[in-house]
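For reference, chains read A, B, C, D, E and F in written order, and residue numbers begin at 1 within each chain.
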Amino acid sequence: MAAFRVDNRIGRTAILLVLNGEECISKEQLRQLKWKSCTGKVGSMESQKVVAAIETAAKKNGIIQPGVYRETHALYHAIIDAVSGVTRGQVQIGSVLRTVGLSFSIIRGNPYESEQEGDWIAVCLYGTIGAPVKGLEHETIGLGINHI
Amino acid sequence: MAAFRVDNRIGRTAILLVLNGEECISKEQLRQLKWKSCTGKVGSMESQKVVAAIETAAKKNGIIQPGVYRETHALYHAIIDAVSGVTRGQVQIGSVLRTVGLSFSIIRGNPYESEQEGDWIAVCLYGTIGAPVKGLEHETIGLGINHI
Amino acid sequence: MAAFRVDNRIGRTAILLVLNGEECISKEQLRQLKWKSCTGKVGSMESQKVVAAIETAAKKNGIIQPGVYRETHALYHAIIDAVSGVTRGQVQIGSVLRTVGLSFSIIRGNPYESEQEGDWIAVCLYGTIGAPVKGLEHETIGLGINHI
Amino acid sequence: MAAFRVDNRIGRTAILLVLNGEECISKEQLRQLKWKSCTGKVGSMESQKVVAAIETAAKKNGIIQPGVYRETHALYHAIIDAVSGVTRGQVQIGSVLRTVGLSFSIIRGNPYESEQEGDWIAVCLYGTIGAPVKGLEHETIGLGINHI
Amino acid sequence: MAAFRVDNRIGRTAILLVLNGEECISKEQLRQLKWKSCTGKVGSMESQKVVAAIETAAKKNGIIQPGVYRETHALYHAIIDAVSGVTRGQVQIGSVLRTVGLSFSIIRGNPYESEQEGDWIAVCLYGTIGAPVKGLEHETIGLGINHI
Amino acid sequence: MAAFRVDNRIGRTAILLVLNGEECISKEQLRQLKWKSCTGKVGSMESQKVVAAIETAAKKNGIIQPGVYRETHALYHAIIDAVSGVTRGQVQIGSVLRTVGLSFSIIRGNPYESEQEGDWIAVCLYGTIGAPVKGLEHETIGLGINHI
């Protein structure tokens, strides 16, 4: 598949990034937008491991500054919003006997025309949710967007 | 944009359909999969109007049989799951002073290899959520999948 | 159906009362237990009307003292717990485009052996929940129990 | 107690089955309705154990076909709805320092007049919820109904 | 009561401000911290009116810049968090037949030692929640804190 | 700081008690009101430990009678309401990868003019919530009030 055109919709870009993989995104366009991004995978029955995997990826890839709480705080709530879309209602996985296998993308940048809006962060999760038995699962997506 | 390749992932197809529009989906592939689909738009501060718009579109486009409760029931919970991803936690829009502008897609078909799995329904919502003032909003997505 | 035997399980009694109707309960046994009870019906798309109908019945039948806030407070939370069982998760009816047709029972008394436990209140709701179209609905129950 | 009369209200039957026990239900009537049912008990502080106990009973008693995901999926959401009535709001037990002692019933069959409605599944839980100290508890009920 | 000492705990300051009123806070200390603040009152059965009253006060008192979405977004989620503490669980007031009479305070400033943390916003609500009958109510508080 | 004046607002008193510490409250005034109170501290990633710490303090300080379920039940729901304000929405701490460091106060007494209202219980929690890394946290408060 050819690289898809990135426009300034940070959520849409995060969704396409997680659906299509990094090789399908035009790095040149992201650079022009001055956006940072990364992707990863996490499978778990423990919701805290999903949160931790995304936080670790964001720090390792320089998307947020680990020592600055406002950046951690912004990312955290974007993650919880995304997980909330995946679990639909209650941020619970193993405690209600289900498991998730997820890919995730994180993008940081300004999706608005005004420079005053500063950076925002989008976290997108896509994959499967279901019984802890292979095949007994269906797809799920979640997107969290926050100012940073 | 060229028509994207549809595979048997019903959720992924519903997401791409809502992001890219109907002209971008290969009708031929949907026919081969024996899947039915439709798309639409709804903007409202009232969550019940979002539910109603999707139900109406599903019935008008022959995706569910209106008189059969199990089909209405399956669709209803797929919609609520999708709205729950959009609102992240509480299925409330105007009652917490926010508004949504959404596109939606509905797909019905069997995404599994076994014929025994029968039909499933995927509802995807994508658009913006925010203050009832143009521009004061960010993107949001929700996906609900149910057996039908 | 013959009057069913009432034991000191206040919740079970409230459930059987709402399922079988007042004529089926042994008034004599309730008197021996020094329990008060009433039943009623409410159908609505507005959750506040469900709450109001039960509160009104409780006051009119002398189950709680209207001017004493601790009694109103105890009843209110028993109602919300019962409605929460009916709606499963979010206390929302019409705002998510569904309607309920409910019978309810209210019982006040001490279900414990120790007199120190004082009075408790049980509110049971049973009926149907579904689309605002006759027949497109399934059964639902909710039970709230609180000290009073 | 004499066997109670079963009518086509699947939820009401599931409730009476869990309240009165299997010996009180007319097996003949269930056979005429072509309904399948089973009952069981589970006590735990872990919500996933409650879910697992009901799923295991449903499979062992041939109420659902284990290898067919749509059946597992239908049962799962009926269970979560029932647990949600028991816990009223948040599907949490031990994590908020409480415990449950529950009986459950599962019924599968068509409660509607039209054959097109196919099978539905009802899961009813009844028992006690409270502090992890004997006696410091009150009754609770939950009912989940889903098409299958 | 003498003006209480303000330290850099923005949440504690917002709580004391709403409990004690503006005349009790040392304006001098707020100035030294370069913090902005305001207070107000709102009573309603409609949650969106509570949200609107706080947003309006924040804009009128220059605490946020109305045209900058990141500021509106930060304030909005601080408000919803505060209302969530007031309502405990579901952001619903009149729809579950209760009413609130609230005072609120809003403070903007940097409560951390590092300048990199930038501004944060604290919204505190304190007052009564209860039946729509005077006196049938108890106290409630909520605090939301967000980076801005 | 001089002892603050206690009036009959039990929630406000519980808040000031947890913010200012026991030495700042006029014991004489509490005695005149015939109110009982205690304070304590708890830090944990496990919500059940927060609940347990408050229950233990209430019993050890004679605020509730351990063997009387209605008192345990009243306290329990006041605690859950307070924790719900702290966590804003979902009573989850470590399972969503966050931790709390909290002070708490418990007060028992009649805050209403009528003697018929009997005793009520107020539980207030105040402290920090955030990532399990020192400094990456912000303040939080929760208040639960129940009749006892």
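By our rule, contacts are C-beta pairs under 8 Å (C-beta built on N, C-alpha and C of every residue); 3 or more make two chains touch, one makes a residue touch a chain.
Here the structure is a predicted model, which means the values were calculated and not measured.
Between the contact lists of chain A and chain C, the overlap consists of B, D, E, F. Counted as hops between touching chains, the shortest connection from chain B to chain C is 1.
Taking the mean of C-alpha positions as each chain's centre, the chain lying farthest from the centre of chain A is C. When every chain is reduced to the mean of its CA atoms, the largest separation from chain D belongs to E.
Because chain D and chain F share one sequence, their contact can be compared position by position; here under half of the interface residue numbers appear on both sides. Overlaying chain A on chain F by C-alpha atoms takes a rotation of 120 degrees, rounded in steps of 5.
When the contact pairs of B-C are matched by residue number across A-F, E-F or C-D, over half of them reappear in A-F. Annotation: C-D is the more contact-rich of the chain pairs B-E and C-D, by number of C-beta pairs in contact. A straight line joining the Cα centres of chain C and chain F is 30 Å long.
The geometric centre of chain C is 37 Å away from that of chain E, both derived from CA atoms.
Looking at chain D, one finds that residues 69, 73, 89-90, 92, 95, 112, 120, 135, 138 touch two or more other chains.
Partner chain D is touched in their complex by these residues of chain B: 65, 68-70, 73-74, 77, 112, 114, 116-118, 120, 146-147. Listing the residues of chain F that touch chain E in their complex gives 1-2, 4-5, 9-12, 15-16, 19, 81, 84-86, 88-89, 111-112, 120, 122, 124, 126, 135, 138-145.
Of all the residues in chain A, the ones that touch chain F in their complex are 46-48, 51-52, 55, 69, 72-73, 76, 80, 83, 90-92, 95. Within the complex formed with chain E, the residues of chain B that make contact are 90, 92, 94-98, 130-131, 135-138.
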